[in-house]
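Once you scroll down, you'll see the structures, which are given as structure tokens.
One chain, chain A, appears in both complexes that follow, with chain B as partner in the first and chain C in the second.
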Partner chain A sequence: MSEPDVLRVPWVHRLVRSRWPQLLVTLVLLAGFLVAIVAGFAGSPVGNRNFAIVGVWIAWWAVLMLVAVPLLGRGWCGVCPLGAPADWIQRGAILTPGPRALGLGRRWPAQLRNLWLQNAGFLTLAIASAAILTRPRLTALVLLALLAAALIVSFVFERRAFCRHLCPVGGFIGLYAQLAPIELRVRDKRRCAAHRDKTCYTGCAAGSGCPWGVYPGALDRNAACGMCFECVRTCPYDNVAIRWRGLRNDLVTAPGHRLDEAFKAFIMLGSALVYTAVFLGPWGDLKAAALGVGSRAWVAYAGVVIAFLVGVLPGAFFLAGELGRRFSHSPLTPRRTFASHAAALVPLGLAAWVAFTLSLLLVNGSYALVVASDPFGWGWNLLGTRNAGWTPALTGALPILQAVVLIIGLGATALAAMRIARGTAGATAGRQAAPVVLFAFVVTVAMLRLLVG
Partner chain B sequence: MRAESVARALLVLATSTPALVLGVRACERQRSPPVVEVRGRMVNEGGWEPGEIVIGVDQPLRLALVSDDVVHGFGIGKTAVEAVDMYPGVPRNLTLTFDRPGIYTYYCTRWCGVNHWRMRGTIVVRGPGENATADEAEPPHVALDLDLDAPHPAAAVPSATPDAGRGRHLGAALSPDYRDAGMLRTTPPAVVWGRLRADPDHRHRTDQDLWNLVAAQWIAGTTDRVRWEGEQLYAANCAACHGEGGDGRGVMARALAASLPPSADHERARPAAFTDAQVMLGASSALLAGKILRGGMGTGMPNWGAILTDEQVWALVDYLWTFQFGRVGRASAGPLEGHRVSGE
Partner chain C sequence: MQRSWRVGLLALGAVAVLIVPVPGGAPAGGERSFRIEATSTGFTPAVIRARAGDRVTIELVAMDVVHGLFVDGYELSTTAEPGRPGRLAFVADRTGAFRLRCSVTCGSLHPFVVGVLKVGPQTLLWRAAMLAVIAALGGLWLARR
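Presenting the complex of A and B:
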């Protein structure tokens, strides 16, 4: 049975082709983004009474990690208020392309067309995250810096250079989007091959060429597709589909062979462990060190975190992969084994983030009610919920939920590891995958210990 | 083209949100009656903001109290205004009316950090007679010209904790000289014990019985109600450093030592141990009151003269003696009166 194509539903097709629904959502989010910056600078410095913290790091983060990424992949990128200005600048218009683009339209440097800058950006935020996630002013500074960077890069460089190569959020969304149950692909690749103008890539009166610099005709995974739907608007043959693919994912069809992507997987998986230890763990000294940005204790903390994320964790995985490679007599080089099998960790990484985010949402979600009424901590009571108390929800069920999510993640990682190994080691795939699965098992146990005790 | 214009208008609207928010806030501030926003932060983050508030006598002072970090308490020294707890980010309103001019000290009433004691500000109440000399009596340590910083070791200490109950039975034969309230406030217990020891009338008594007699006089000079008040004040203001048991090992003591500069006299800055007989029995009540009122210069000991009334200081001193002469039972009693300030 073929996978359903939601663009075959007429009203969905109309909704996607029209720019208005997407634009309206983006504008609302843009207003919210700017309000978060104002709240951070002018509102209460108390995090749980400030929209900059509660709106961004609890509400938005929960929607992103529990709904948007697992279900829609890069769906967030399609309405992100940081990315949209790039389209507006380069189109010279908000809707259909105008007579003149505003940006300089330079090409992004070839040596930077990878995820290394995103990895570095995420690492930088990760080591300061305890302070950023609790201090509204710091959060506002980070948001402002991201907005400024997005605008400058979008003005100087063509397409969504910021989203693809710099945005620290976009980097990991792309990684986990490979697991999303939906995908945007072309219906008939032969038609694309025969289409001389390739308007989906070069643009036409109906819309821009792919802002993400992707040629839809060759698209085989979600990582770089920004779900902006420009190709739906520019394809003259109505040859673009949005399919519900369910549990099928991109890890098997296109396993990552790039080191930057492999390291992205480790940084994300390790960060979930670090964040859980710092934010949910009982270690006061660790929290104090993580919060004291600039202090000696923080420098030591940052050093340990960086060493763990880009040294210890990948190093242990490399050893596991190498062990499997030798057992299975795989023809791959150690480096290629490392890079391709790192993709198997993507489901576990997403599960770890979902488990962490569940704690964040269920324990602290009630602050959203307070902040909805009083976003700046100025004593407003817009919705009459200013005095709603801190009410953790479902705390009894939380450990069970988290354990289930992590076990599902481990299972999916084990399956992916086996499938990737089958492609490289053939009949001895089990031997190749076993150490990798053992590595994932150890990480899962560590995460469970941190979350459930 | 029309659609593009609408889209641009919507973009302008979305990007105007910050200006809209700040405009509403500015209008709101202009329309509402004058309110003084008092923000509380741990001392290392700035303490109280503002540090000084000026108001006239009988003028309502509307305060909006907000903590920017941890739980603080807003209390006003030498008044009967009940302290208000300030939870992070939760604004609390308080309206005060002062019926006489003066300088009132507001201070944090919750242990918010190692330098919690330094979290103070002043309310200057202006009005007729504000420049008149205060009618407060000269503090006893000033009147007696006591050197608060000089060591005062006791010449003798008891071998066991004195028993004030036994001393009360023995005290029937004590001459009035040993019962004089003024003498008891200005003379260290060890000195009184020395006089008794040298007194031929008490030659037949053991050293310990003489200490029991001394303890009975110190306990008799006060009441359960006053000691209860002293106990409350001690628990709220002193125990963090001096320890609940008076042994100088309060929860903040170590952090206090760590917060002092290396050049400070760490030995001297250590919180006093009221259980140390050598130190306590060589001090008079007047000396202890003086230390409380003035504070320990160069140590972590704050001055309480701006916050505690004379009655509260003496209640505290009376309570301190219980660390030497035995704990007392708790009597139910209300707080001692301060200056009249109405608050709501």
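Presenting the complex of A and C:
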């Protein structure tokens, strides 16, 4: 049975082609983003009384990791308040392209067309995360810096260079978007091949050429598609589909083979372990070291975290992959084995983040009620919920939920590892995949130990 | 073997892991008293242990500012001010690992001031680890041609 194309539903098609619904959501999010910056600088320094902390690191993060990324892939990028102003600059208008685009329109340097800068950006934020997640002013500074970077980069370079190559959030959304149950693809590639003007890429009066620099006719992964829907608007043949593909994902149909993508998977998986140990673990000295940015203890902490994320974890995985390669007599090089099989860790990484985020939401979600009434901590009571107490939810069921999520993630990783190995090692795929799955099992048990042990 | 059979066998294994009884700890019903010192970065001791059925008494001592103590799963809490300890007494009738959390805003790290109460055998952890074995082997097995 073919996968359903939601754009065949007339009202969905109208909703997607119109720019208004997307713009309205973006404007609401942009307002929230600006409130978070103001609250961070001018509001209460107490994190759980400030919208910058609760709105961003509890509410937004929970929506992103529990709903948007698992179900919509890069759906968030389509309404991101950082990306939208960048688009407006380049279009020279807010809705349809204006008469004259602003900005210099330079091409992003070829050497930087990868995820390395995003990996470095996420690492930088990760080692300072305890301070960023608890100090409103620091959160506001980070948000402001991201906004400034997005605007400057979009003014100088063409398309969404910031989103594709710099945004630390966009990097991991792209990684996990490969698991999303929806995909944007063309209906008939032959029609795209025959279309001379390629308006989906070059743009026309109906809309911009793909802001993400993707040619939809060749799109086979969710990773780089920003779900902005410009191609739906610019295709003269109505040849773009948004399909519900269910459990099918991009890891097997189009596995990545790039080292930058592989390291993104390790940095994200390892960060989930680190964040869980620091924020949800009982080790006060570790928390103090993580919080004390600039101190000697923090330098040691940052060094250990970086060594773990880009050295120990990938190193152990490399050994596992190499063991499998030798057992299976695979023709692949060690480097290619490492890069292609790292894609199998994507489901486990997402599961680890979902498990971590469940803790954040269920235990501290009630602070959202407080800051909804009093976003700056100035004593307002807009919705009458300022004095709502801290009410952790489902704390008895939380460890069970987290264990279930991790086990599902491991199962999906094992499936993906075996399917990737079938493409690289053929009949001896089991021997290639087994050490990789063993690696994933050890990580899962470590995560279980941190969360439910 | 057909895929549906494989799925069935794996499901059977998972059910077995969930229902097989786990050996219990030492006989319980005793008294366990703990003095927990709270600071704005954590609790000391950070991990406390009791046997299932023990009557647990926790004295919470605030070392710097006002702190609270909330026990996940048991949904109990107390607060302590510097010089005025808080007290919590309950029967540890549920096994597993339960997070102890500060329930009164105490500083930057407040939402992450965490300790752990471990009661009896860690049944959930062991069952989850066994299910993880099944998930890992199952993934490999289901994807085999």
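Following the convention adopted for this analysis, the second predicted complex is superposed on the first by the 453 of 453 C-alpha atoms of A that agree within 3 Å, B and C clash if a C-alpha of one lies under 4 Å from a C-alpha of the other, contacts with A are read in each partner's own complex, and residues count from 1 in each chain.
Heads up, the rule we're going with is that contacts are C-beta pairs under 8 Å (C-beta built on N, C-alpha and C of every residue); 3 or more make two chains touch, one makes a residue touch a chain.
Only a predicted model underlies this, so the values are computations on that prediction, with no experimental measurement involved.
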| item | value |
| --- | --- |
| Contacts of A:L151 with chain B and chain C, given as first, second, both or neither | neither |
| Chain B versus chain C as contact partner of A:A206, first or second or both or neither | neither |
| Which superposed partner A:G411 touches (first chain B, second chain C, both, neither) | second |
| First (chain B), second (chain C), both or neither touched by A:G379 | first |
| Partner, of chain C and chain B, that touches more residues belonging to chain A | C |
| Chain B versus chain C as contact partner of A:A31, first or second or both or neither | first |
| Which of chain B and chain C A:R449 touches, first, second, both or neither | second |
| Which superposed partner A:K287 touches (first chain B, second chain C, both, neither) | second |
| Touched partner set for A:V46, first chain B, second chain C, both or neither | both |
| Residues of chain A at both interfaces, chain B in one complex, chain C in the other | 46, 48-49 |
| In the complex with chain B, residue positions of chain A that touch it | 23-24, 27-28, 30-31, 34-35, 37-38, 42, 44-46, 48-50, 88, 93-96, 98, 376-379 |
| Chain A partner contacts - residues on chain B that touch it in the complex | 3-4, 7-8, 10-11, 13-15, 17-18, 21-22, 25, 28, 64, 66-69, 88-91 |
| Chain C-touching residues of chain A, taken from the complex the two chains share | 46-49, 130-131, 134-135, 278-285, 287-288, 291, 363-364, 367, 390, 392, 395-396, 398-400, 403, 406-408, 410-419, 422, 429-430, 433-434, 437-438, 440-441, 444-445, 448-449, 452-453 |
| In the complex with chain A, residue positions of chain C that touch it | 39, 41-44, 46-47, 70, 72-73, 75, 94, 96-101, 103, 105, 108-116, 122, 124-125, 128-129, 131-133, 135-140, 142-145 |
